[in-house]
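Two complexes follow with chain A in common, the first pairing it with chain B and the second with chain C.
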Partner chain A sequence: MATKINPGFSKELKKYGAVNMNACYNCGTCTAVCSLSTTDDSFPREMVRYSALGLEEDIKSSLKPWECYYCGECTANCPQTANPGELMMSLRRWLTAQYDWTGLSGLLYRSLSSTIAALLLVLAGVLLFANSVDFNAERMLHIGHYFEMTAIGAVLLVIFLPNLLRMWYFTIVKPKVKAPFKNYVTALSDLLVHMFTQKRYKECDGDVHFRWLEHFVLVIAYLSLLFTTVFLNWFGSQSIFVIVLGYVESFLIFVVTIDFVGSRIKKNKSLNQFSQPSDWLFVIWLLLMGVTAFLVRLFIDLGLIETQQWMYIIHLTVLAQWALIIVPFGKWTHFLYRSFAMYFLKIKSMQ
Partner chain B sequence: MKERLGVYICHCGGNISDYVDVEKVRAAIEHEEGVVFAKTTMFACSDTNQTDMVQDIHEHNLDGVIVASCSPKLHLTTFRNVTERGDLNKYTYVHANIREQASWAHSDDKLGATEKAIHLVKAAIAKSRYADPLFPNQFEAEKTIAVIGGGIAGMKAALSLAEKKSNVILIEKGNRLGGHTAEWGSLFMTDEKGFELTTRIENDLRKYNNVTILTGEEVIDTKGSIGNFELKIRRQPQKEDDPMEIMELHVGSIVVATGYDHYLPKQGEYGFGTNETVITLPEFKQLVDKSTSKSLEFKGKKINNIAYVYCVGSRQSEGENTYCSRFCCTSVIHTAIEAKKKFKGIQNIHLTRGIRTYGKQELLYAESLQMGDVYLEFDEHTLPEIHTEDKKTVVTVKDILSAGKEMEMEVDLVVLVTGMVPRADQSIGSMLKLPKGRDRFFNEIHMKLRPVETVIDGVTIAGTCQGPKNISESVNSALSAATKSFSYISKGTLETEPIIAKIDQDACSWCDKCSNACPFDAIEQIEMGGRTVASVNPIVCKGCGMCTPVCPVDAINLIGYTSEEIMSMIDALA
Partner chain C sequence: MEERQIIEYDALVIGAGIAGGEAAINLANTGYKVLLVEKDHSLGGKMILLSKVFPTLDCAACITTPKVSEIARHNNITVFTESEVTHIAKKGDNDFVAQIMKKPRYVRVEDCTACQLCEKACPVSVRDEYQFGLIGRKAAFIPFSIANPKAAVIDIENCTLCGACEKACPTHCIDFTMETEYYELHAKTVILATGFNLFDPLEIPRFGYGQYKNVITSMQMEREIAPTRPYNTILRPGDGKVPDRIAYVLCTGSRDNTIGNPICSQICCMYSMKQAQLLMGALPMADITIYYINIRSFGKGFEEFYQQAKGMGVNFVKGKIGKITEKENGNLILRYEDIAEGVVKEAEHDMVVLSVGVKSNPSAGKIFDGNSLKLDPLQFVAQQDFLGSPAKTSIDGVFVAGTASGPMDIPDSILSAGSASSEAISYLTRYQSL
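Here is the complex of A and B:
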């Protein structure tokens, strides 16, 4: 069965951040220089080709966009400046939108004004909530803590679970990959290893692995801070251990994200050349999360929070925007999809 | 009979002396009859040795010189010129090749090589004794040049000759100048329209008094040879009752610029002739050029998706056109871009066999990619297929850039990118006996060294009658051909080599064996004193010697290689 081509697809991809991919003349330099591409599993040229021809089904069933960690070597070596690295990045955004059953991901990626509207909407919600409890710091902290737990659970059940099932359907079921249940169990270790170490990232980060290390520290610090605030109730805790742990974690998040934001401003690496609104949103909100959480706890420790409630309102706004927009529909999802892509790849390879 | 000969034996650095004992050769021949002196020299061709040779000729009052060195292809002319500077007739100089024929050929056998060298030099001395002074043949040449074909190449050749103040007759069979170029719409890289370009050149041409432009006139017969060609021209009757007008022209040289034909796809080739949405590149160019509406329409239907199938009639694996037509990749991409810019909603899909937009034309390919044109690639074994589904034209192709995956596209128009083929009308070539290459276009003598000359002296070829070319390449070859043709006759006289066949007409009794053997048609039958005898046209004869051995009465001698000379050489070698 012949595949129908759709040249108009490249226009659609441009909305997800693809830059100049039409310049590609298929020399294959990108694939040759890629440190992760292998003979059996080669990219990014194939993905550039599929994108130019608009083979949406083939892209949708492919895990290759997730195999790329954007070291930028392909873009740096491309003789046509077709920017294969950024194409892979935009394919990840496009795939995220495809996996998302609500369609909100796609909307937010394509339209900056929708994103701003959503952020303002959440801000309004937080202010309404604060007003309803008369800006009482203690009550806000109390309800805020429950909000965190509820949000995590809801996003997990309502958004992530169906989306991961969709991803599984597109990449395993539809292409008719036969995998016995046993393989799903055996491959679980791969899922966890990739989720918490991003070890593949190391292979495309030169000899020093500094970028990987930064990223690794950020992931661990972020996850622990999440655990510390939600399950150890950092803001309510009296334990000196928990309090110091929270300070350290939020400080680490601040340090790494400030470097990330700096790189994106300086555009000193090819992966930073074409930052999309979704990229800015992700790093800046992560930075704000670290800073505001740190300050809230500091205000508590200095006994200021009762009079300076605005500090917590800011933190809660950032937190709610993060939990309701960026986590379920934005760049945060790459944490899940990348790990699951590795998991599905392992399952595919076990046949 | 030469009696005072000087012999030089060259070391050629060590190329000769490493294997041939040059001193021994010198000793072996220095007492040969007539040899005044024999010398060895490190490099016979060096400036100092050349000066010494001129001095020796005067000092020893030599009447013959022999150099034993490399191949005559390399230095025959060099030493002929040296003897001329020594006031000898240059054709009395004799060359012996003891490098290619002795030292290099027998590097494993030094004694044998030396022995052979001695014999070769002795043979050269023997020839030298009989070497008569010869003089180049000189002829009057017509100072007019005919350019056959009034396309871009012919016009440019004529213009170039006009600027050189030569008389030019530009002969075009059709009723207007400009050829195929005038039919094209806008051209890469200037975006000038084809007819604008040809009109501009035509206007330039018409400013010259020394240019005669004949349109609607056809060459029907040619006679003669370089310097004196006779062309018979027939005026195409304008009306049915018009009398046939025939005129004769005398020219010194001819530039052939008869151009090409468009390849016409066979009935059913990629749906040509059976599917009405399938057209050729020239038709598409016309369509884009002539349409003035905002969207492109063909046969009343709006055109959005266009598939271009490349290399139709070129680079065939089965079929006779194995060559690349050179211009089509650039032409089609240029037109596709033009269509996209001019009309709304055009999506170009190119099905190629690899893009050959060489040189600056690559910019066009880059622009087309940037504009979102899609390129798929196939090879000669898996050609695209075109069929109709629900009254829609569907193209399928196995794209080798996507690992051979079969792709399908619905299109509104299929453009067959057709190339160039040789003219169906080959009459000019047959009349002038121009040889053709494997691709059936006219053949030059040497692609790089003599790119516009043909084996027929005085006839040069320009433009696409020689093979596919784009406009600028055609113009380049036209300028080159014009200059070459001009150089033949610019002096008004022609000189040809004196080494040609000579017939002893008293001995000849015309049996036609020699004229049959002659590859250049240089021997003709004449009446002399009531007898029919053979006669050599000295302008056409190349001195190849094919006629000499076939003569049953031994009436033919090759000047410079007479029986006397050759027999004495054989005696010396024995």
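Here is the complex of A and C:
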């Protein structure tokens, strides 16, 4: 069977953040120093090679980009400074764009101006909404709560479900991996474990344990804050337990994201050398989410929210931008795709 | 200010390795008076320490020692060992003034018979740098068996001044009152043959050099297979076992941006194959594996040499070693990607040789005023007219020979020395005829 190659692929991938990958002279140092690379599953050089050759289909059907947790060892030791770590990162962005049926992911990754336009559009929408309810704090809080629930449901059904099906199609169905239904059931536990713990990240070499812990705390705090606001109605709750829980969660998000933003500014780790707009957007918005949620609840507790509605408008804007742009089309999806990649890998390995 | 003796020569040659030596002989044979300045205790540079040379497998010492004797005995050549040129000023055409510092050897070379009684008497043992740390030597020592001048040296850094050597010396040639001598040299032309530095693999901790005893450098292996070798056989340093499975890690410190040396050493493919062939002769049962990125067998007879190594059964694996770990028994696990198959593999070897690369010796740049001597970005002496007159530097009348201008093998170094000496002679005659 003839293999299709796309000679413009490396150019295309540059828009997703790939740096200098054509400098690779195929020594294999990256693969050899990678602590997650195994005889059965060797990367990242294979991906560098596929990218240089423009073997789009092979990349699209591969789960390897998701197996990398970007410890940065390959980039630090690459004798050609071809930056395999950043290439793997850009492949994850590119794959996200391939999985996304709307095409918006790709557009937002490639173009900063579209991202800004989208953020402004959401801001305008929030202001219009606030105007339509005469900036009444109570009404805004009430509708905001329902908006959150609807947004989650809609993103899940309209974006994530079809995208995950596409990912499954590209990586399992199209390469003709035969997996009985039973495998899908037994591998489910792996899906959950990887989703909530990212345990493979701990197998990375070097000083990643603290980062893994930070990451773990962030995921748990974020998911539980989501649960607290949506299902326990944090902003409307009278229960002291729920209120304190929300404070703790948002505070944790704030602490961890501050550290993440800080290390991206300092560029002290190789994974922070080449931050893309999507990376900045992700950490900063997560930070803002934590801070504004914390302040809104504080304003409620201090009885300020009736007069200081702007606080909630800011929070709602951040929330809406997060829920409508970053979660469905941005870096947040990595969380989902990576977990499912682990799931599909498990299914593949069970044959 | 110290007393400076004023001396005069036609040419100053800095560095008495194979390139500097060749250039000095060419100039001297043409009738010019040459001062050859060497910082080490012996002539011959790095070549005199090698086992054999590629691609002919000729004995390196058999080529170097006659040349070195010729230099030492030549009427037109004066040799300063343990000496450094600290400063050179160009006053005009055919007019260079150089400041030279000659450090004391604490032995009167002309009286020393190299009887080695001082070595036996000396109570101080340190690592032998001429055997690249494989064995020890004394603080009063003959540098190595084929050194020239073959005379004792007192390593004053490590000497305890016990006087035992002085008592043992039958010719009373040891003299602790020797002092550094300073010279002001007037010369008409200068040849830089300052050579290169071997890459220090301590810079790549993941190869475990310095940590795992059975990981050695190619220069250490060179000593193990040289005729004047320290163990008289091939042993691994960890436990003295005769190795069965030897691995070569090519491009250690070459073609590697992470340690700031992106260029090819031009020699590590070939000397590794040479050592592999010699090892197969010395240890007929041993398996030798060479891990490479690309085999660059570009010179005359090199490709045939490569095919010969393959034909002899040397195992060539495409893939650079990523990590080396040590097992309890001293064997080493090498992790690499087998590029032919695209998969990560681990291989066990009982000895690993790091084929270290070539780095510049930037000292020549500091001798001249300001930045008048241009260096290239990797601190080799810059060649002003690389294709037309490769021996010319940025200073008219100063020429470069051998690896001072970049990595090259022995035949190329000798060719380069020929070119530098011809340029120097033409420079000398240009102003004489005026």
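The criterion applied here is as follows: the second predicted complex is superposed on the first by the 346 of 351 C-alpha atoms of A that agree within 3 Å, B and C clash if a C-alpha of one lies under 4 Å from a C-alpha of the other, contacts with A are read in each partner's own complex, and residues count from 1 in each chain.
Heads up, the rule we're going with is that contacts are C-beta pairs under 8 Å (C-beta built on N, C-alpha and C of every residue); 3 or more make two chains touch, one makes a residue touch a chain.
What you see is a predicted model, and the numbers here were worked out from it, not measured in a lab.
Trainee: Please indicate which partner A:Ile220 is in contact with in the superposed arrangement: first for chain B, second for chain C, both, or neither.
Mentor: After superposition on chain A, A:Ile220 lies in contact with neither partner.
Trainee: One more residue to check, A:Ala154. First (chain B), second (chain C), both or neither?
Mentor: Neither: A:Ala154 stays clear of chain B and chain C.
Trainee: Quick one: classify A:Tyr25 as touching chain B (first), chain C (second), both or neither.
Mentor: both
Trainee: Of the partners chain B and chain C, which touch A:Cys78 in the superposed model: first, second, both, neither?
Mentor: A:Cys78 contacts chain C only, not chain B.
Trainee: Check whether A:Met350 is in contact with chain B, with chain C, with both or with neither, and answer first, second, both or neither.
Mentor: After superposing on A, A:Met350 lies clear of both chain B and chain C.
Trainee: Classify the contacts of A:Gly8 with the two partner chains as first (chain B alone), second (chain C alone), both, or neither.
Mentor: first
Trainee: After lining up the shared chain so the two structures overlap, which partner does A:Ala52 touch, if you call chain B first and chain C second: first, second, both or neither?
Mentor: Once the two structures are laid over each other on A, A:Ala52 reaches chain B alone.
Trainee: Shared contact residues on chain A, chain B side and chain C side combined as an intersection?
Mentor: 25-26, 46, 49, 80
Trainee: Once bound in the complex, which stretches of chain A touch chain B?
Mentor: 1-5, 7-8, 10-11, 20, 22-26, 46, 49-50, 52-53, 55, 80
Trainee: So in the complex, the part of chain B that touches chain A is made up of which residues?
Mentor: Those residues of chain B that touch chain A are 347, 349, 355, 365-366, 369-377, 396, 399, 401-403, 405-410.
Trainee: Chain A touches which residues of chain C in the complex?
Mentor: Answer in residue numbers: 206, 251, 255-258, 262, 293-294, 319-323, 335-339, 342-345.
Trainee: So in the complex, which bits of chain A are touching chain C?
Mentor: 25-34, 37-40, 42, 45-46, 49, 76-81
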